[in-house]
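Note that chain A is present in both complexes that follow, paired respectively with chain B and with chain C.
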Partner chain A sequence: MQSCMKQKFTLTQQDALLGFGLILPSLLVILGISLQPILSTLYLSVFESSRGINAEQTFVGLGNYTSLLSDPVFWVTIGRTLYFTLVSVGLELVLGLAIAQLIHSHPPGWQFLRTSLIIPWAVPTIVNGTMWRWIYNADYGALNGLFLQLGLIDKYIPWLTKPDVAMNLVIVADIWHSVPFIALILQAALATLPVDLEEAAAVDGANALQRFFLIRLPLLRPAILVALVIRTVEAFRVFDIIYVITNGGPAFGTVTISYLTYLETFSFGNVGRGAALSFLISIFTLIMAFVYIRILYRPEDSQ
Partner chain B sequence: MKKRLRTLLLAIWIIPVLLFIYLPVAWLVISSISTRAELLSTPIHWIPQHPTFQNYLNIFAPGQGTSEVAKTFRITLWNSLVVASSVTLIALTLGSLASYALIRLRFPFRQSMLIGILGTRMIPEISLVIPLYLFATRFGLFNSPLILIITYLSFALPFAIWLMAAFFNTIPVELEDAARIDGCNRLETLFRIIMPISAPGLVSTGLFVFLTAWDEFFFALILTSTVSAKTVPVAIAEFTGRYVVDVGGMMTGGVLAAIPPVVLSLIFQRYIVSGLTAGAVKG
Partner chain C sequence: MKTFRSIAILILTLIVLASMMGCAPKQPAGPVTIRVLSMEQAGPTVDEMNAIVGEFNQANPDIKVEIEYVAYDALHDKITTAMASTPPAYDVFLVDDIWYAEFAKAGYVMDATSRITQDMRDKIFVSAWDITTVDGKVYGMPWLLDEKYFFYNKKLLQEAGFNAPPKTWEELVEQSKVIKEKGIVEYPIVWSWGQYEAAICDWVILLYGNGGSLVDANGAPAFNNEIGVKTLTWMIQTIDEGITNPASVSYVEEDVRNVFSQGKAVFAVNWNYMYDLVNFNTEESQVTGQIKMALMPAFEGSGVESATINGSMGFSVAATSPNQDAAWKYVEFLTSEDIQNRYSGHLLPIWQTSFQGENLTKLQSYSPANETTVPMFNAQFPYAHVRPKVPYYPEASKALQLALQEALTKQKTPEQALNDAAAKWIELAK
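Up next is the complex of A and B:
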């Protein structure tokens, strides 16, 4: 070991050199298309340019941020975005956990169910949105057709004309797409859990509910947390599905924070304000990312 | 006996879940093969009396009366395929090399670089799009597949690095040590030993990146406007625009857009589940 010291030192240097060489192309790409743009966005956000993306700019400092933070529309939009995020992610977690449990208890057909879950997960978001928009259609939609035949309604209802109903229906479409993701992750996690703990608890007289909440759920905590954080970040910046199903309507009633940013920047031409908004979204997301990495990446067990 | 009854009761719960999964998909497919008259009929025709593949013909063999969106849909399918495959190839090549370095080699700032790269995965597209839009117009890349390939790498590359890092972590170091003792240098070890046994990781990472790129909507919406670069999601969203909504065409576009990711995911099912676990569950 001792005699190798000198050579080992050069090997370490070689490793470092090779390491930099291997990582350099990726680093350049990331610097060019992620870091530089996000800094430019920050820069743009301290200017006012209200006549489109290539227009003249006046320096306003934190003006865009202060005007946003004192604008009731901003807070209403934040509230709406939080509603979407909490309700959809909350329901997705409960349903995902239930389906994972169902698969894990291996009833007849569980393999078919697991395979089936992949389909909604793989259907592109835009297709998902278009499909549900057609299902919700006021005059010819399948939801109206089905509900009428089941006797739940006595005439066709224009579902997407009330903001709160529209928002909840967007959530249903989001659930269809995302529950499978959570269910697949959780059923994989369930499959790796030790069975002896629960068996021991059963012998000690714990009932099924106690075993679930006191043993299984705590053991699933890491997987649940990860699924939650991924979905929360995604849901908070929801855009595609709203664009397709409601277009932000009715009466801007389903405009979320990403959609507001899109409108400000590309419809109203308030580039500075849009940049400030998008930077606020980034900050929130990066805070989430930080939490995420702290949860996910633990160097001590990576070796 | 009690146990059998319990599993039977559980099996009943599978039915509503399957209905929730398959009913919307079934309606998507049925709508794509229904005539316009049947789609717009009340009460609703669940099973089309005159199923037709006219909508599919409109896209693959456009005639006189077909709408502009349907006519150009085939080209957008091709655009999506080119963009998603290129992004997958680039992200996989650059990403696997970088993540190998980040996981196995010791060098300064390794840890902070890993965390930084993982952090960029979290930057929302909307925070990047204005500068990228300005960049695209300045260099004449607006409306070209190239700008989509470049911008998609902003999420695809960190994603690939992240997934591959999780995978490399599962390969025992002893394997490499053995190869090094046998006289292979680092690069030889990487290409002769590590890459071949990483095939499952590469497949699942490639699949995830491809699906994400195929799914992407926002950059394509902002950065493309004509058929020369437009991707499938943008084309589908456009069916709803204009004055007349061509529902049948829209649903057909949806079916065609969903086929590649759904078929790929079903074929590589095993990799999807293990990839979700590696990327998400593994600590």
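Up next is the complex of A and C:
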């Protein structure tokens, strides 16, 4: 039996087999926990169902999907969600990188800075949302108080009454919450980068900007990839911070795709439509993760 | 082969164990636990609700009530989520007037018709039974008999030179202009026009106060006509003129209370509970002793004297609760005449007997606020309008909230926005 094994599999294949055997237990658990809900969501999404005890279900095939995909509200919401995702993750990456650089250069008190960076990230999103709702309040919010004392405005401004302004303010709240995550990942990656490359480049006359863009940034690519994938998927599914700060208002100006799913499923009771929506969200996030990996992931990085 | 067999045995054992755990006896010894879901917003305070639970638990050692609170805007979705499991996460929950049709159709609420005694039917307001009744069946006890009231800050109004509150919305605009000119406050009135149910409540007040209505006799939408457009245009105009606080477009009732409590508004529209908190609670308010209530204004030439929104709620037992008798016992206790009289500072009793003869004098003395709110209730309640009782109400309401917001934020014209919402209502009714 054993000699037969040896002939059948090459060394690499044996390695792969061992690896598969090792992840098998956790794979089973993950499948059990996530596959069952995914399958039941898929099942629900092909029915039109009313809510309630003994609710009736009518099989509609792909009806929920086609009606969603032909609904302009769906595409407007997707557009709004993409705007939220691109702006918040983009700014978070730039700011996160800057903060990581700052900590990496070890200014006085950098350890304190690194520790205090955890705080916004550790605050639960619901609490964060409530805090920003208060900050943005038109009549007793801190933002108006601050701007007025700085002389930037001469009277209080109602911040959350215009759809586009409200969206950008929710983005600010999300950035405040999530920048530390990216900063910490990048700072950890920076600490492991080899110093000799940059020293050699400096000796050859490369200036700081060149060293940053041509050496440090390419080396950071795997870490950036991880941070981007996680944050993009999270941002695309944003829900709680919007629920607390604006409740989707004004005039649906901050309704993202997850919020729409919530409304359809829990508020309106259109369970089938809600299930189809959450499936579409999964497909969109998968596509985004795939694109990132194609653009940023190079196998040689990991060697 | 051997390992395969031992794994198979292990899995079998696990399955047997797991199924045995599922069959374990459910009823532990000791008191039956009844879980109650209520809200923290309008109506009694959490302290008052906890005190009622304490009284009940003491009087009924065989039942233990545990109560939880959520914000009004989370209540509906919390109930529908809780009802997805068996047994449900709550045995008793608070249901808004506008959800009874939906919940009755979904089978979430227990049919309590046979539990209502003739004595209860006789002594409780007929309009209160309307709240919890769908197609002739009673699905719970009415509890919060509420409507929105018109509040004004008498001190600030007098500073502007007015001795009486406005009787019409036109008069309110005139008084507001003087208030602004004299620099008494920046924005004389604050509303709850955020993208919540609260916006529908304020809209009903203005629409009906202009001679309009949400639906016609056949239940079809009737708000997308000249009156509806005129009313919505008036709302936008008051924002443009700085009479309505522009932040109203993002506010709910608690924001209204906060602004009004700081003396930043002369007029406000809110539920009964605000009066006690603003006029008597020095921890919550900077304008105690300055607040009065008046009949809700209406529009000139509409032929309407006053109009407001009926925002009543009831307590119901979950249809799938394993302890319906114990749960109903608590609902009865909570809505009993005695409890309702003694805890009447932030909500008034559903019992018409509480408002009669000697009882009325007693009711007015239970809390300092009652001296004002009890006569106000009697004067205002005949003008209270209900929202349509339809199973698809949450979705219809959201469509109308969107329409109001689109017009208020100038994304669409009032006419276009209301027509779109009406079209959605017709589609939902199919």
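Here is the rule we go by: the second predicted complex is superposed on the first by the 246 of 303 C-alpha atoms of A that agree within 3 Å, B and C clash if a C-alpha of one lies under 4 Å from a C-alpha of the other, contacts with A are read in each partner's own complex, and residues count from 1 in each chain.
What we mean here is this: a contact is a pair of C-beta atoms (placed from the backbone, for glycine too) under 8 Å apart; a residue touches a chain by one contact, two chains touch by 3 or more.
In this text, all values refer to a predicted model and were calculated from it rather than measured experimentally.
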Inset, instruction - Name the contact category of A:163: first (chain B only), second (chain C only), both, or neither. - result: second
Inset, instruction - May I ask you to decide whether A:242 touches chain B, chain C, both, or neither, giving the answer as first, second, both or neither? - result: neither
Inset, instruction - Would you check which partner chain A:140 touches, where first means chain B only, second means chain C only, and both and neither mean what they say? - result: both
Legend entry - Touched partner set for A:266, first chain B, second chain C, both or neither: both
Inset, instruction - With both structures superposed, pick whichever of chain B and chain C touches the larger number of chain A residues. - result: B
Legend entry - Touching partner for A:155 - first (chain B), second (chain C), both, neither: second
Inset, instruction - Classify the contacts of A:251 with the two partner chains as first (chain B alone), second (chain C alone), both, or neither. - result: second
Inset, instruction - Please work out whether A:25 is in contact with chain B alone, chain C alone, both, or neither, and reply first, second, both or neither. - result: first
Inset, instruction - In the overlay, answer first, second, both or neither for which of chain B and chain C A:130 touches. - result: first
Legend entry - Common interface residues of chain A - those touching chain B in one complex and chain C in the other: 53-54, 139-140, 156, 262, 266
Inset, instruction - Sort out for me which residues of chain C touch chain A in the complex. - result: 73, 76-77, 80-81, 83, 102, 105-108, 186, 194-196, 245-247, 249-250, 255, 258-259, 262, 264, 319-320, 392, 394-395, 398, 401-402, 405-406, 408-409, 411
Inset, instruction - Provide the residue numbers of chain A that touch chain B in the complex, in ascending order. - result: 12, 14-23, 25-27, 29-30, 33-38, 40-41, 44, 53-54, 99, 102, 105-110, 112-127, 130-135, 139-140, 142, 144-146, 148-149, 156, 176, 180-181, 184-185, 188-189, 222-223, 226-227, 230, 233, 237, 239-240, 243-244, 258, 261-262, 265-266, 271, 274-275, 278-279, 281-282, 285-286, 288-290, 292-293, 296-299, 301-303
Legend entry - List of chain B residues in touch with chain A within their complex: 7-8, 10-11, 13-14, 17-18, 20-22, 24-25, 27-28, 31, 39-44, 46, 94-95, 97-98, 100-103, 105-108, 110-111, 113-115, 117-124, 126-135, 137, 150-151, 153-154, 157-158, 161, 169, 173, 186-187, 211, 214-215, 217-218, 221-222, 232-233, 236-237, 239-240, 247, 250-251, 253-254, 257-258, 261-262, 264-266, 269, 272-274, 276-277, 280-281, 283
Legend entry - Partner chain C, residues of chain A touching it in the complex: 50-55, 137-140, 155-156, 158, 160-163, 166, 246-253, 262-263, 266-270
